[in-house]
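In what comes next, subunit A is part of two complexes: it sits with subunit B in the first one and with subunit C in the second one.
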Partner chain A sequence: MKKTYKKTPIISRCASDLFLPLACVFGCYVVLHGSTSPGGGFQGGVLVASAILLVYLGYGGMGVKHSFNEHMLHSSETVAEIMYVVIALVGVFTGLNFCVNFVFAGQQVDTSILMNDAVGYHVMAGITCLLIMMLSVLEPDDHPHEVDDKEEAAA
Partner chain B sequence: MYDFMYNFPVLAIMSLFLGAFLNSLVGRRNAKVRSAVVVLAMLAALVMMLSLVKPVLLDGKIINYWLGNWEPVEGWAIGISLEVDALSLFFALIVVVAVFVSGIYSFTYMSHDDSLVNYYTLFLMLSGSVLGLVLSGDLFNMFVMIEIMTFTAVALTAFRNHYEGALEGAFKYLVVGSLGSTSVLIGIALIYSQTHTLNLAQLSAVLPQADNPVTMLAFAFLFVGFGSKAFLFPFHPLAADAHAVAPASISLMISGVLTKCGVYGIIRLCYCLFQNMDQSFVQYFVTGVGVISMFVCVTMAFNQHNFKRLLAFHSISQVGYVITVVGLGSALGLSAGLFHAMNHTIFKGLLFLTAGAVQHATGSLDLDELGGLSKKMPGTCALFLIGAASISGLPPFNGFASKWMIYQATFQQAGETGNFFFVVVCVAALITSVLTLASFIKVSQSVFFGQLNPKFANTHEVSLGMRIPMWILAALCILPGLFPDKVQQWLLTPATQAAMNAPGYIDAAMGSGYAASFAIPAYQPQQIFLSGAWQPVMWLLLLISVTLAVCIVALLGGDEKATVTSEISSETDADPKYDSFFSGEASVYSQVGGSDLFWGFKHNWRHYFSFMHNWHSGVVNDYTLYGAAAIAVALVLCVIFL
Partner chain C sequence: MSGTKKLVLSLTLAVLLACGVWAGWRMANSEPTYDGEGVDLVELYEDPSSYDNTGADGAAAIMVNENLEKTAADNVVFSVVFNFRGYDTMGESFILIAAIAGSLVILRKTTHSGKKEEHNHEENV
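After this line comes the complex of A and B, so read on.
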């Protein structure tokens, strides 16, 4: 496995190692702080999801394949959607309105902080799935020689 | 209990969306779990909407729901709201019933397809978005729901992407549908810049007074946007391309539910938001668009050779009827329009489902190829005839009841105003109905009667899972036709009065006295007066006796008369069409096709038909151009005349 990674230049690998945690932490900060400052679930989620591009730049398509499970990401995207709806519905079942602030009643922060987290999680998983799809198109053909051989045989 | 029922609108929307999400999480492996989730979600929405019938439709309450309790402060509604009056609930009932029938039908109809989890997820999201649109009390939320609706409908149109033209149809729908959505968005932006609010109730109070060029432009943009969602002229070619390739259950949704959203948007826009239905320009404009859609689409349907394409053009033609009478601005006209909108969902849904059954059984939708299926699929044939009789407006089915009201509404309008335009409208409605009947005679001849194509000798009747939804719709075709006065009393009158009662709608959301502070006069309920009368039950008895007489004659006549052609062909073992009097290749299968029935009519109208043929080029650039031209014409007309 190490061999495949060594194909990519060391500078981009080091840069990727350096910036990957920063991108993740900054994205999570934007998500968690979304209810009181500019930004929010969507923007933070996209920031976290962009980390996959750093992985791709540093370690190539193989690195992305080994470090992400697309199926799990897809499921967690759905879980985030369900979480959002359930958080909103709790308001109804505590005898209040849909989307109502039930946790921090009477305080400055509202339930949108929890919904923000769900949105952030959803966007992170969803955009990562999309990026994996796009990157898989970019990946070079695994067996280029076989195709050539077949074409020659056909000719 | 009533306190909790107050939550039902939002819970119904959320049950559909939650069903979609749960389905994509747990439905990937196990088909039974998937079906259970889908049925539960649809059933929850259906039951919640039905339980609102008593408080909203019968007691006349308006449910007003502020998400997160963000209620209006000092006359400004900033929060998001759901507002359910009788008009919203009327359309919501159409939506949930159609969704339920379509979902049940899908279980058998789609069973041979793969990646069904995606299908049901998209299907439930489409349903949820449409329900959200009709229940929303906020203009921007309506736009969001329109976007979800358009994109899920596009994806579902292309779901069977192995069909020829599936991706092409979906692409056209995507491009031109986005043009319509953009038009709605521009209209909303213009309104927001003028009034600084998006709440429907507050807008209804502010907009009639804000009489400036910007709001007129907004009216034109919103009208074209909602009209494009109802596939009105000139957006109708899209519907044909999309319907021909979509699965039948999705055709039901597109024709029965999505077009109703456009109709709902136009009613809200003209009767509630701008309240300009009493201006003669708006009446001419809306009615004119309706009449053109109605007439152009019925003539276009005449020339089609694909079963579902033909039904698609008829669908737009019937929506044209609805818009025509909605544009009259009278209480009778609006209630006739609502009745026909409801009936259109029922009979057009039934016809699309029978087309789906034919396609499921034979694998073909080509009218020139099919034929003689009544012997192989008698149940489907009977259901098709019920649907065809309804859409053509034959008594005692529901299509007659609503078309009868439509003729009366246009006739009364012509009599009251003495305007020649409404006389033309009334005549056009009658002619369209006749052409519809002719067109359905052609379809029944091409598909169910005539000679059986040897290719389809092994066709079998479709299974019970597909027939039960069709029987539900057939029953719904007959009942409103037999008891139109009950439908009028329970559904149409409350919905019509709610649509015309803009002050009541405003006060329910903003607090009583808000409408009066904007000098909007209190609403006086208008009487819905029918000038003609008829006895539906007598007509049913007549229909039964005539059918019995025909059956007895056919039975007494014996086999030798009924099967003349088959006898000759069994003796000579060849088609008599190719005897020595005729020339041609006997090996080719041919029957007296349905398209040959009206050759004289087609010949006389050949210039018109060739013009229409060239005009429907099938190029997406042209269709986008027509859409842009529609926006331009609407803008110019509204700025000059409004």
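After this line comes the complex of A and C, so read on.
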């Protein structure tokens, strides 16, 4: 069986497996509760994006390359920004100002919550894309298979 | 540096220094707008509605007192960031896009067609 990722110590692999879902859930919690608690789109997005560093610590550069699609992230980041502008422009089309919440008091639905989610996704995709580029510079992976084959033969 | 340039520079610096000294002197003489006397933070955290915000003026008064009617947001900070200062948040997002595009230009290794450049690889070998 041909392994596609470089073997890392089992301690770092288990630790990344343990903390990866916790980091993702905590980041999503911060994004979704941005309207009522400290935090918000920017902070929660960066928290979610930091999960890629756990993947890198556990599975190396090849694991990151197999798990994330950099081009899709970079495109959807722009889509999230367009979503923010469109949601903000809805206030203009209803006869109010830019960025004004057109659903008034007494309602649970709030347009700025949607804008918050858009910013959260935008920051998450952007910082993840940035970290992928930085990690690809760190690890040029010229011959990724040789080390694994030697280790398998030794085992 | 010519004599005229030096004169203009020294005049500008002197005016700036005078303005700074005057502003500092005025600020030192004026009364403080807010001192934290008589505010118990633990009590305020347990009962936020007990906070006396009648002293706010200008745009701050609108943000604090009419927040719920204008934006329907529970949190004043959230409504400031996403409603009153929505342009600011949008600008920050565009700054992030610009930063990521810039680092993409510097750091990427692939060409426009998505293939890896062969020249760099051959040179490294």
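Note that in this section the second predicted complex is superposed on the first by the 126 of 155 C-alpha atoms of A that agree within 3 Å, B and C clash if a C-alpha of one lies under 4 Å from a C-alpha of the other, contacts with A are read in each partner's own complex, and residues count from 1 in each chain.
In the analysis below, a residue touches a chain if its C-beta (ideal position, glycine included) is under 8 Å from a C-beta of that chain, and two chains touch if they have at least 3 such contacts.
Worth saying up front: this structure is predicted, and the values here are computed from it rather than measured.
With subunit A as the common reference, subunit B cannot sit beside subunit C without a clash. Looking at the shared chain after the overlay, A:G40 reaches subunit C, while subunit B stays out of its contact range. In the superposed model, A:V90 makes contact with neither subunit B nor subunit C.
In the superposition on chain A, the chain among subunit B and subunit C reaching more residues of subunit A is C.
Shared-chain residue A:F98: touches subunit B and subunit C both.
Looking at the shared chain after the overlay, A:L20 reaches neither subunit B nor subunit C. When the two complexes are overlaid on their common chain A, residue A:V79 makes contact with subunit B while staying clear of subunit C. Look at A:M134: by the touch rule set out above, it reaches subunit C but stays clear of subunit B.
Looking at the shared chain after the overlay, A:L53 reaches neither subunit B nor subunit C.
Once the two complexes are overlaid on the shared chain, A:M115 sits against subunit C while remaining clear of subunit B.
Within the three-chain superposition, the subunit B stretch that clashes with subunit C turns out to be 75-83, the only such case among 21-29, 39-47, 57-65 or 75-83. According to the touch criterion, the shared surface of subunit A, contacted by subunit B in one complex and subunit C in the other, consists of residues 78, 81, 85, 88, 98-101, 110. Contacts from subunit A toward subunit C in the complex involve residues 34-38, 40, 42, 74, 77-78, 81, 84-85, 88, 98-101, 103-107, 110, 112, 115-116, 119, 122-123, 126, 129-130, 133-134, 136-137, 142. Residues 68-75, 77-79, 81-84, 86-87, 89-90, 92-94, 96-97, 99-100, 103-104, 107-109, 124 of subunit C are the ones that touch subunit A when the two sit in their complex. By the touch criterion given at the top, residues 7, 10-11, 14, 17-18, 21-22, 24-25, 65-69 of subunit B touch subunit A in their complex. In the complex of the two chains, the subunit A residues touching subunit B come out as 75, 78-79, 81-82, 85, 88-89, 91-92, 96-101, 110-111.
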